[in-house]
Amino acid sequence: MKEFAYFPGCSLEKMASSYHMSAMETTKKLGVKLNELDDWNCCGATTYFYIDELLAYTLCARNLAIAEKTGLDVVAPCSACYKNMFFTAAHLKKDEDLAEHVNFALEEDNLHFSGNVNVKHLIEVFAQDIGPEELKRQVTNPLEGMRIAPYYGCQIVRPQKEKEDVEQPQFFEEIISAIGGIPINYPLKMRCCGGSLIISSRTAALTMVRNLLQSAVDNQAAVIATACPMCQVNLEVYQQQVNLEFGTNFSIPVMYFTQLIGLALGISHKKLGIGKEFVSMAPTPMPVDQVWGLPRKTT
Amino acid sequence: MTDTITFGQEISNLLHAAEGEPLKTCIQCGTCSGTCPVAGYMDNSPRQIIALINLGKKEQVLESNTFWYCASCYHCTVRCPQEINITELMYALKRYSIWKSRYQEGLIGPTFSEAFVKMIVRSGRSFEPVLAPSYIFSFKAREFMQEIQGATELLLKGRLPLLPARIKRLENFRRMIGRIIPMGGLE
Amino acid sequence: MTDKPETKFEPVIIGFTCNWCSYRAADMAGTSRMKYAPNVRLTRLMCSGRLDPTFVFKAFAGGADAVLVSGCHPGDCHYINQNYKAMRRFHLMKRVLVQMGIEPGRLKLLWASAAEGAMFAREINKFVEEVRALGPLNWTSNNGSKIADHVLLSVVNGQPSEEAEVTA
Amino acid sequence: MDKKDEKEKIGVYVCHCGTNIAGVINVEEVSTWAAENLKDQGVVISREYKFMCSSLGQELIQKDIKELGLTRVVVAACSPHLHEKTFRNACKGADLNPYLCELVSIREQDSWVHTDKVAATEKAKAIISGGVSRVVYHEALEPLHVPIHPATLVVGGGIAGIQAALEIADAGFPVYLVEREPSIGGHMAQFDKTFPTLDCSACILTPKMVDAGNHPNITLLTYSEVEKVDGYVGSFVATIRKRARSLREADCTGCGICWEKCPKKVVDDVFEAGMGTRKAIYVPFPQAVPKYPVIDRVNCTYYIKGTCKACEKFCPTNCIDFAQEDEILTVEVGNVILATGWDLFDTRRITQYGYGRLPNVFTSLEFERMSNSAGPTGGNVVLRDGKTEPKVVGIVHCVGSRDKNYNEYCSSICCMQSLKFAHLVKEKTGAEVYNFYIDIRTPAKGYEEFYHRLLEEGTHFIRGKVAEISDATRLPAEEGKLVIQVEDTLTGNQLRVPVDMAILSAGLEPRHDSKALAKLFGISCSADGWLIERHPKLDPIATMTDGIYIAGCVQGPKDIPASVAQGAAAAARVMGKIQQKEIALEPVRATIHEEQCSGCRICNNMCPFNAILFHEDRMVSEVNPALCQGCGTCVAGCPAGAITGTGFSNEQILSQINGLLLLNVPKKQAVAA
């Protein structure tokens, strides 16, 4: 049984609780254990690096140090948290002075980070550690004919280069096919959702969201799958505001990939936190041939 | 090495991961700007910012909104033919302008960031509601209403926390931060 | 690298390069003006295969703090495969050094192609630092002719290390 | 121990090399130091001079040799690889055996790599003292003279190789021209027009190909590859695999019936760049030289299923020979010219440009074939659907070049190539053409003028590296088009340019197997994979290995004129060598002293060139000087110390070591820094 240290990140406590629930449920079902880090703190989001880089590294290092104690790889479901932790770990490994300074601060919490932690994004656990094949084997309610737009967003594949193709990765598609869905190919799958701009530069962000939704809808997506709470909020919660802003009438559900996997594994909506969406998974106002209803068999 | 540090060097020093002065190697090809999803909203495109820095035009750089528009999507970074980490550069510029507390009027970014940081220092966790005041009031009436609407709906869907989360070892945590920056600096 | 020489211990290192790759790597480092520590003094051989172990011991006996042996990358040897012979001799010499009570870290093997000037410079700097860390070779004779006694002495009185025992 | 009974008279000459050396090393100090401290070594005079390699510098040495009767000379200057010959000749000029002169490098290995002046100066002293101690043990040597075989091996039948072959053949010397493909001609044969004059590529190339094919002095070995190379300048022995064409060339008339009748169509991704098809038995293109086809056994139905044989049935001269086997030839040659050319950068690697994903994105070679009237579209510029003419075409420069993520170098031909494309597109379709460039580089005769011509023709030029090409249409105007996303860096505008066709002006890359080639011929290639020339400015033709020359793109990206020039230049160098009839080799050889040889035969298997033979009768080994390459491994290996290596004897090296360690100078002298 695979086991990982799990860093949920602030937004998964409430704003994206359904991501948390579905992540827990699906991994459990697939025989992967996620142990939530003891007393983790905020990763600093992007904003921290705006103010004080060192402080930002320290915040991430604290979580890394806690994870290191467990001796497990640490998994983050939020792309921003993942990116922050990944690069903090990388830099601390590379730069002794930085590590020394940061560890000096960590002493206050009786912690020390010596760089022996691998940081993974939750989706990597499904794409690599579990793998599409195993996933396929476990599926009980394949999402037959469901047209799913995989939305990678930014910080899962970027900026690392040694990863698979940073421009046209395929692992998300593989996961979707594995659970019986139809991964739709749309040009903006790697584009940015606007991130925190939704607050600081609203119009810009709304435009970006608009373009993304448009691109997905143009390619007949019935639902957009995300792997990041920030993206989910921007793409879903702000849909109505996009509509107000641009006179569009988007109404396309935006689900966490774990929720979709959960459905395919026959986990109940409640356990997956389905029902907290702004745009419900219920049949969406689209031409009949693209309508996708919930699988019958789900409990 | 000249004894007087150029603006370019100042900025390069803020690029933690970088060695030397990467900006100097910019060939002004425009890949970054062409890639940037928000370049249209920036008064100077990322490429122009690099040019301005290399030119030593500190004022112009600090007055521009470019780096506050960066959503750190890293798309420019993975495409730059000179392997300049442009996103990190934008971070660096944000830090620089906050330290010098020099930024364009009416930008939400800086105030929001500071509010966010203060919040973390207090609780160790993020708590959306306290953030609102930092930006909400700068919104125009319509935006304001929309935000409130969105927020209430989130609340109803049980997606907004009512009480701020706190970490357990908050005291250690704050002392830890104290070793990095004097509390006064932020409180 | 070498600021305030009076404070730091500056090791003297004798380097053996082959005519085809490593000597040209050194030239390349020069033509591209890469900077490295001035502690290494190079001798040119036609091929690292020419390296007679005596040269190395002689260098140590003569007061060198370390010896660098360099040649073409395995498979790139101008003489087909003679650098493999250099490699074998290198491992042999390391053992002998141990028996003579000399830290094996004072002998370094470095493969460098004609294009690897940068690498050559970098490695030399690394090596110089390593040797500096080891400190001066505590064999104080500047008379090469005494080598025989030295070898003898060090093997007899010197404390051969464990591997020396197993190999001896 | 370093000293010999009768004292040598040694002269030491320290070069300033302008400020190259004197800028870091205190030359005067070094020179005086040598005079004082190396006296006992036999140093009778020590001088420093601005440029030792200048004629004045050399005369200085010669004068001293004559007047002071020097018996040894040590020059401290640049690397021996640069000026060893210069100073040896200088000595020769003064009747001192050239091998009694030693050049030690205080530039490449001292002044250029060190900043600490004191340390550098001390090191220079050590280096010189090493040279002095060494030179004491030098012996007067005579260079070995080996005859030069008049034949030449030219590898690669592109324009550079053809040019080289023709030059040499016309001079009356035999040439073996080896080409991997079934026909010579190389990339140039694929092109339609050539910049800047726009004359038809085939028209100017074909005559040369025919000449090469018919030349009495040229042995054409197409569909062949060099597998092994032994020997050294003057007498290389190359082993060449002549792959089976599966037909008897003697009987074949090249009538073409076989490939008419062949039922098996194959996508031709070599000559047609995947744009067209050929048969399983084929000649790559009509003007192919030689005219005989080959059977591509991977795709031929007969070799797959064992049936068909259509070609055999219809061949009027029945020359088809399915059983034919590869031939292995060994040829002896005096010199080698490598002209193996380039591969096209694989544009798939830049995924954001969509090649392979978006049908109407084309590579430069694809466009060359498309615009070629003999090509798959009969010279019509059309979209992938094969009929629609584009209204708007975008040409992307620097694809895969000038980009640290792919190739850092500039491929140097892409600008002109793109301009040519722009012109052809406009000419053939009248479409609007956009050039997206970082810089326009037109540094050759008539190139800038061509650029101006394009400007006048109204081609649009947008300065900006294309960020991405996508089908992410947003505005009505973009419907069904490709959108090229780029910043116009001159105005700072973010552009979305809708085009029907995008052409990627892909860069040139070294042949995928260039490293293997370099290894095969024992020469070095750069990190990029281009072969390294002897000197980047003064000797771009020769390599570090005597007798092996490089021409054309194998040395780095270049256009046709430059390739032709290099081919001719290489030929000239080779002919010069051949004319000398024989060549002087460094007399660096191993010799075995019979009386000391115990006949243990350890050295015998040590020698990679089998230069050591064993005399059963006398029970001693002997070195064959013609085969010995002078590596010296046997010298180091001989347990009896019976082998000496001329030029690198134990005495020489051991005393150089003493010198380097300053054991040969009065004690008080501090060791470097």
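Per-chain residue numbering starts at 1, and chain names A, B, C and D are given in the order in which the chains are listed.
In the analysis below, a residue touches a chain if its C-beta (ideal position, glycine included) is under 8 Å from a C-beta of that chain, and two chains touch if they have at least 3 such contacts.
As the structure is a computational prediction, the values presented were derived from the model and not from experiment.
**Q** Which chain has the mean of its C-alpha atoms lying nearest to the mean of all protein C-alpha atoms shown?
**A** D
**Q** I want to compare two interfaces, A-D and A-B. Which one has more contacting C-beta pairs?
**A** Most C-beta pairs in contact, of the two: A-B.
**Q** Taking each chain's centre as its mean C-alpha position, how far apart are chain B and chain C in Å?
**A** Chain centres of chain B and chain C, defined by C-alpha means, are spaced 52 Å apart.
**Q** Take the average of all CA coordinates in chain A, do the same for chain B, and state the distance between these two points in whole angstrom.
**A** Distance between chain centres, rounded to whole Å: 22 Å.
**Q** Let me have the rounded angstrom distance from the C-alpha centre of chain B over to the C-alpha centre of chain D, please.
**A** Measuring from centre to centre gives 50 Å for this pair.
**Q** Using the touch definition from the top, which residues of chain A touch two or more other chains?
**A** Answer for chain A, listing residues that touch two or more other chains: 161, 167.
**Q** Counting only residues that touch at least two other chains, what does the list for chain B look like?
**A** 40
**Q** Which residues, counting only chain D, touch chain A once they are in their complex?
**A** Those residues of chain D that touch chain A are 351-352, 357, 405, 470-472, 474.
**Q** Show which residues of chain D lie in contact with chain C when the two form their complex.
**A** Those in contact with chain C are residues 1, 79-81, 105, 107-110, 112-116, 118-120, 122-123, 126-127, 130, 519, 522, 524-527, 532, 544, 588, 606, 608-609, 629-633, 635-637, 645, 647-648, 650, 653-654, 656-658, 660-661, 663, 667, 671-673.
**Q** Could you pull out which chain A residues touch chain D in their complex?
**A** Listed in rising order, the residues are 161, 165, 167-168, 186-188, 211, 214-215.
**Q** How about chain B: which of its residues touch chain A in the complex?
**A** 14, 16-17, 37-38, 40-41, 68-69, 71-75, 77-78, 85, 87, 91, 94-95, 98, 107-110, 112-114, 116-117, 120, 124-128, 131, 135, 139, 143, 146, 150, 153-154, 157-161, 165, 167-169, 172-173, 175-181
**Q** Quick check on the complex: what are the chain C residues that touch chain D?
**A** 2-3, 5, 10, 12, 14, 20-21, 23-24, 26-27, 29-31, 33-36, 38-39, 41-47, 49-55, 58-59, 62-64, 75-76, 78-82, 85, 89, 113-115, 121, 142-145
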